[in-house]
Amino acid sequence: MSEYSGGKRDMKKVRIGMIGYKFMGKAHSHAYRDVPFYFDLDTEPVLQTMVGRDEQAVKLASEKLGWQSYETDWRRLLERDDIDVIDIGTPNHMHAEIAIAAAKAGKHILCEKPLALNVQEAKEILDAVQKAGVIHMVSYNYRFAPAIQYAKHLISTGALGSIYHFRAQYLQDWIMDPGFPLVWRLRKEIGGSGALGDLMAHSIDLARFLVGEISEVSGMMETFIKQRPIGEMTGGLSATVDSDSKGDVTVDDATAALARFENGALGVFEATRFGRGNRNGNRMEINGSKGSIRWDMENMNQLELYLEDDPRGMQGFRTIDCTEVEHPFAKAYWPAGHGIGYEHTFINLIHELMRSISTGTVPSPNFEDGYRNQVILETIERSNIERRWLNVSY
Amino acid sequence: MSEYSGGKRDMKKVRIGMIGYKFMGKAHSHAYRDVPFYFDLDTEPVLQTMVGRDEQAVKLASEKLGWQSYETDWRRLLERDDIDVIDIGTPNHMHAEIAIAAAKAGKHILCEKPLALNVQEAKEILDAVQKAGVIHMVSYNYRFAPAIQYAKHLISTGALGSIYHFRAQYLQDWIMDPGFPLVWRLRKEIGGSGALGDLMAHSIDLARFLVGEISEVSGMMETFIKQRPIGEMTGGLSATVDSDSKGDVTVDDATAALARFENGALGVFEATRFGRGNRNGNRMEINGSKGSIRWDMENMNQLELYLEDDPRGMQGFRTIDCTEVEHPFAKAYWPAGHGIGYEHTFINLIHELMRSISTGTVPSPNFEDGYRNQVILETIERSNIERRWLNVSY
Amino acid sequence: MSEYSGGKRDMKKVRIGMIGYKFMGKAHSHAYRDVPFYFDLDTEPVLQTMVGRDEQAVKLASEKLGWQSYETDWRRLLERDDIDVIDIGTPNHMHAEIAIAAAKAGKHILCEKPLALNVQEAKEILDAVQKAGVIHMVSYNYRFAPAIQYAKHLISTGALGSIYHFRAQYLQDWIMDPGFPLVWRLRKEIGGSGALGDLMAHSIDLARFLVGEISEVSGMMETFIKQRPIGEMTGGLSATVDSDSKGDVTVDDATAALARFENGALGVFEATRFGRGNRNGNRMEINGSKGSIRWDMENMNQLELYLEDDPRGMQGFRTIDCTEVEHPFAKAYWPAGHGIGYEHTFINLIHELMRSISTGTVPSPNFEDGYRNQVILETIERSNIERRWLNVSY
Amino acid sequence: MSEYSGGKRDMKKVRIGMIGYKFMGKAHSHAYRDVPFYFDLDTEPVLQTMVGRDEQAVKLASEKLGWQSYETDWRRLLERDDIDVIDIGTPNHMHAEIAIAAAKAGKHILCEKPLALNVQEAKEILDAVQKAGVIHMVSYNYRFAPAIQYAKHLISTGALGSIYHFRAQYLQDWIMDPGFPLVWRLRKEIGGSGALGDLMAHSIDLARFLVGEISEVSGMMETFIKQRPIGEMTGGLSATVDSDSKGDVTVDDATAALARFENGALGVFEATRFGRGNRNGNRMEINGSKGSIRWDMENMNQLELYLEDDPRGMQGFRTIDCTEVEHPFAKAYWPAGHGIGYEHTFINLIHELMRSISTGTVPSPNFEDGYRNQVILETIERSNIERRWLNVSY
């Protein structure tokens, strides 16, 4: 029997309309292309149309990234009946308008995180998709690292026992130069928040996925560099300065938060864009009564696992390379020890989206997760202003 | 010329009276014995008398650990004129009474940390030693790891630039078994607090030493196991259960705190005795504008250093083995790459005490540090109760 | 300006005929698909035809992996004028016949490693391609890890000074179970050798690439399990047992070799399929007069670099995440700290093949490298038999 | 009950005469002082007399290191009846004369490694102590790291199954500067050999201790820098240049060797003083049918252990901090996670010597081990000259 049991069957085409073509546009495009190569599914994504306001740029991007056509107005996508999924990879301030309109148009939606600029928007988005009955998914890609999915398996099966501690740091350093410009990610009206929504939102998603709901938080936010020259993102995490004149940075450079989970666990979160030397230091440790795990995105295939039930004298954190057939998603790729990378978190995520569309089941994480995440983000922001603990109420 | 330039010169004898003979009694005793072996000083500690209430036990301990005599009542030490230094290694609730009496008796004092049960006691102790004009030192031993002293050097000379972030975790797991007894370290009237004063106090000392004063905090404390069988410590971190009857745990099993430093840096602290798999996970990371450092007591000789001024493409955290002649204290020991251990933090600490007594200068850390640390501990406790940020006022 | 400067230009199509569809067939197929997505080139690979003897299997594979058609006889490819490149991903015993025929047919050739079963075959292959004037490349993919390419840059620019030591281990453990069957990789007439040609060949390629030519070797080879049940590979590194009857293992389970380089450096090589716990432990360290590097495929994005010119006290191995724009190939992928995986070594390798075809220049590594590698492999084998050092003569 | 069960009992005094007062003199002196502090034994070492030819230097050293008296002629020690043990810490060329004389004088002997300059000397030493019936021990201190002793326990109890591979590197870099002088360790008539006897001897001892006897070897030796200015060691691994005139380096800067063990395992050894960036990189990995271990002296408390019997998906190398009560020697020191250092390998070694003297049993490693080690060293040297494999015959 062949290892390629799938072959080119009579697969349902799922036609994608992707709005945005920079960092996330590239990551999603690649994932759509690769998911049928690696996985056997009944559905197959079609890279139908890419949308961007700058015609010349979106034309080049769509050709480069493998899209069949392009548009310059996202509203056009909603009118077309050859688009099944709207993929929102725009700056955050456009999520709500697009998502609500897409829901009304009966399109399935994949939306980049954070779901919205604030809780009110997020709630409106959630209401819209629930009313429309479309499939909705929010792109918290890191939970699709095989090591994280395996961590979920370990916790669900009780291998760690009762969870006492969740701690996460998400440390980057790409804006530390005071000359780095005031890009959209540093402006509240476009990004919603800074390190909070960009980075800590990922840690909160992992926390909710792995440990459960958060009931109360105490936050601390800081903007170390208050003004920057005007400029814009050019792709990835790069930017160009457009002007010598400066504008106010209106989001947080760094945020930290204490949290209590509903199940009694304690959470400590820290996110910063001023973590010198940490390019993408997305780390996490969980301590339970029977065991602990540690994970660091910079060595994303490896999960460190401690089990108290190991014989005395032989206890210690073991480094599991989550590339074995027993590990979620790993079988689709390469033999054990032949690791995967950042982009595979998106391939796995798109697999989940396709699986969901194929089966009509709710994907995870969905807009309910996006909404709850947003509630936590906003509660942290309010806590920082009020200088006290606040309950998280969904 | 010999490498042993010191030899047995006409050294001033500094006669020690050590109160306590268990974990810290052993650690201090060893350090007194070893400091003249490794260092060239004008003073030489004499292990004069060890004190404990249980005569049979203190007799055995004093003989084993190399003391010339023993006493069963610490007050006797103060009356003797052949004792120059009182070393307080008792449970925390006895620190104040002993320290104040020792100061009045004109003895120099080394006191285990935390300095006292609370701020009021700490202040009284501080006043007493200042009034008496004796040398006073508090035993925050981890700042005597060569890697920490070298980190201090790096920060002082500006190698890290402006400091933005200090984060520390101190994770242990020795009381996680619900059958572990209610030893003195779990009783507020004797220990003052739990993970807070036992573990986080060390992180706070490192923070103050390396970054500066803390201006405000928001704390979170938790006791996961509320009742335990009665029992007592037997040395090290071991204990025996004395009774089936249970008593209330009155200290924190875990504490976390957010903090702001006077210089604008953000601090995130976490200490727990429920960090499964972490036997003595005392870790720290500092991010500055020009560089970052990371340290973990479990590999105590190694300091990770990132320097932004390294050429692009060649940037990364380098692992410095702080065993070279350029590293503080290291020259006294072994050739580069031949590491030292936990006990050497105490040898270096006693070296500082001897140096201070020899020169009549103030050692670091002293009771002012012990007091300020206590203020921070207590502010965290109050913050936890009041569920809001509180200013730290000394 | 757009980050996608390439777009869909008038690119030259390079039509591939791929022979083999299992582990390497999958890896190469994916790379052909992805190279135009990530890189801007004047040439574009077309997945024209995949070849396999089992029609049902190759049909499924070709559809799954994105090929436009399939064939069951590789000779058919050579007759077709719509095939520009023959990609040989078969078991090793077929390399020579196919490569020589392909060269005669004027096809460019990419051949999996090792180039042949023995030196004589390798020489015939090399002669054939040189006579035909076609582009030829051998698939030593690990030298295309960005960290390795950056190591090459460091050595070439003198950052490590004179090289004294090269040491490499390539450790796997997938055949340790005595019940693992006698697949083609364990039969000399098909595989040529075992750990030697499968694993150490990679280390030798890295050594030649980074340090230079090897002048003499002393080898040691061992087959720990002499007989195994009959069976075959099923893809990746998996296999099925087809029969209870056993056959002789005719290749090495493990090989080690000492070597001297022409430039005076010493080499120590070790390769094994009995390295329990090492799934794909491909490690290397180089020591030079001015610096050292370490690399491990299990954390393939990271290069450890020590520089003697770092200030005293600040010396140590730094961990460089080779995902920055300064690192070879890295710019094509994701922002710094967002790592790539095993499959990207092939994408980079195919990029080199396409670049070579586009510019008409000789790619690296080519069949001259394949031949020299084979000479070293065979000299190690003879050395093992003769129990003495042997000169390597090309 | 007290944790100090020992106390000051009626212990037998074992009076030491130590010959040598530099690096090893310091290490041994410290160990004699500390062993009664940490361990409960029936014997207690007395630091009776230290010997050195330079009276002023040995006087200072003996006082500094805690010896009761000093001598300038080692022969005097043998005449005295208040010396029970001769501890030979001289350069290697003096070992034989002293050891043989000491044996004749009925003294127990601890000798630094390697035991002698060559096999003939080593045999004479071994014959002498066997004839005299004295206790004899050779100072291969690294096997006294708790992690190594625990590795021995694991192998002995079958946890790793049949051993297939032993590989060790011992890498230093302290003589790489061409201006580093021609100290005794670089002169064959005094040191016997270079990296071979200084470093690889340790790896060979670990190999014999953990895996078993070696039956054949193939060696490679190199001296990268052939001439150096005249000078001498000043302690530790430091040296001073005494003269501008140069002399020939007559020992190896680096040695590598392949080996086969009697039990069928393969060995790969490498030792160098040109391993830039490795101050004391003493590393080892063992692969067996059921598990593997890794160890690195730079993190000496940690043993990495892989067990094939761990559940699939949960397999990986675990990092055991060998500071738990279950680990050899660890209980004598500090609580789990409070690590020890280089000097403790000597404390544990002296414990073994004292235990042996106390019980009249043969210590391990003894001169039989020293002799066999020497045979292997010399066989490697001859193999290098003859350029072929040689059998090891004891």
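Per-chain numbering from 1; labels A, B, C and D assigned in written order.
Going forward, a residue touches a chain if its C-beta (ideal position, glycine included) is under 8 Å from a C-beta of that chain, and two chains touch if they have at least 3 such contacts.
Nothing here was measured: the structure is a model prediction, and the numbers come from that model.
S.K.: Going by the average position of its CA atoms, which chain sits the greatest distance from chain A?
M.R.: The most remote chain is D.
S.K.: Would you kindly tell me how far, in whole Å, the mean C-alpha position of chain B lies from that of chain A?
M.R.: 41
S.K.: Let me have the rounded angstrom distance from the C-alpha centre of chain A over to the C-alpha centre of chain D, please.
M.R.: Those two chain centres are 54 Å apart.
S.K.: Taking the mean of the CA coordinates per chain, how far is chain B from chain D in Å?
M.R.: 34
S.K.: What are the residues of chain C that contact at least two other chains?
M.R.: 278, 306, 315-317, 321, 324
S.K.: Taking the touch definition from the header, please name the shape of the chain graph: line, ring, star, complete or other.
M.R.: Its topology is that of a complete graph.
S.K.: For the complex, which residues does chain A have touching chain B?
M.R.: These residues of chain A touch chain B: 160, 164-165, 167, 169, 171, 173, 176, 218-220, 222, 224, 254, 256-258, 260, 264, 266, 268, 270, 272, 274-278, 287-292, 306, 308, 315-317, 387-389.
S.K.: Residues of chain B touching chain C in their complex?
M.R.: 150, 305-307, 310, 312-321, 324, 326-327
S.K.: Mind pulling up the chain C residues that touch chain A in the complex?
M.R.: 2-8, 21-23, 27, 29-30, 33-34, 37, 54, 56-57, 59-61, 63-66, 172, 174, 234-238, 278-281, 297-301, 321, 323-324, 333-344
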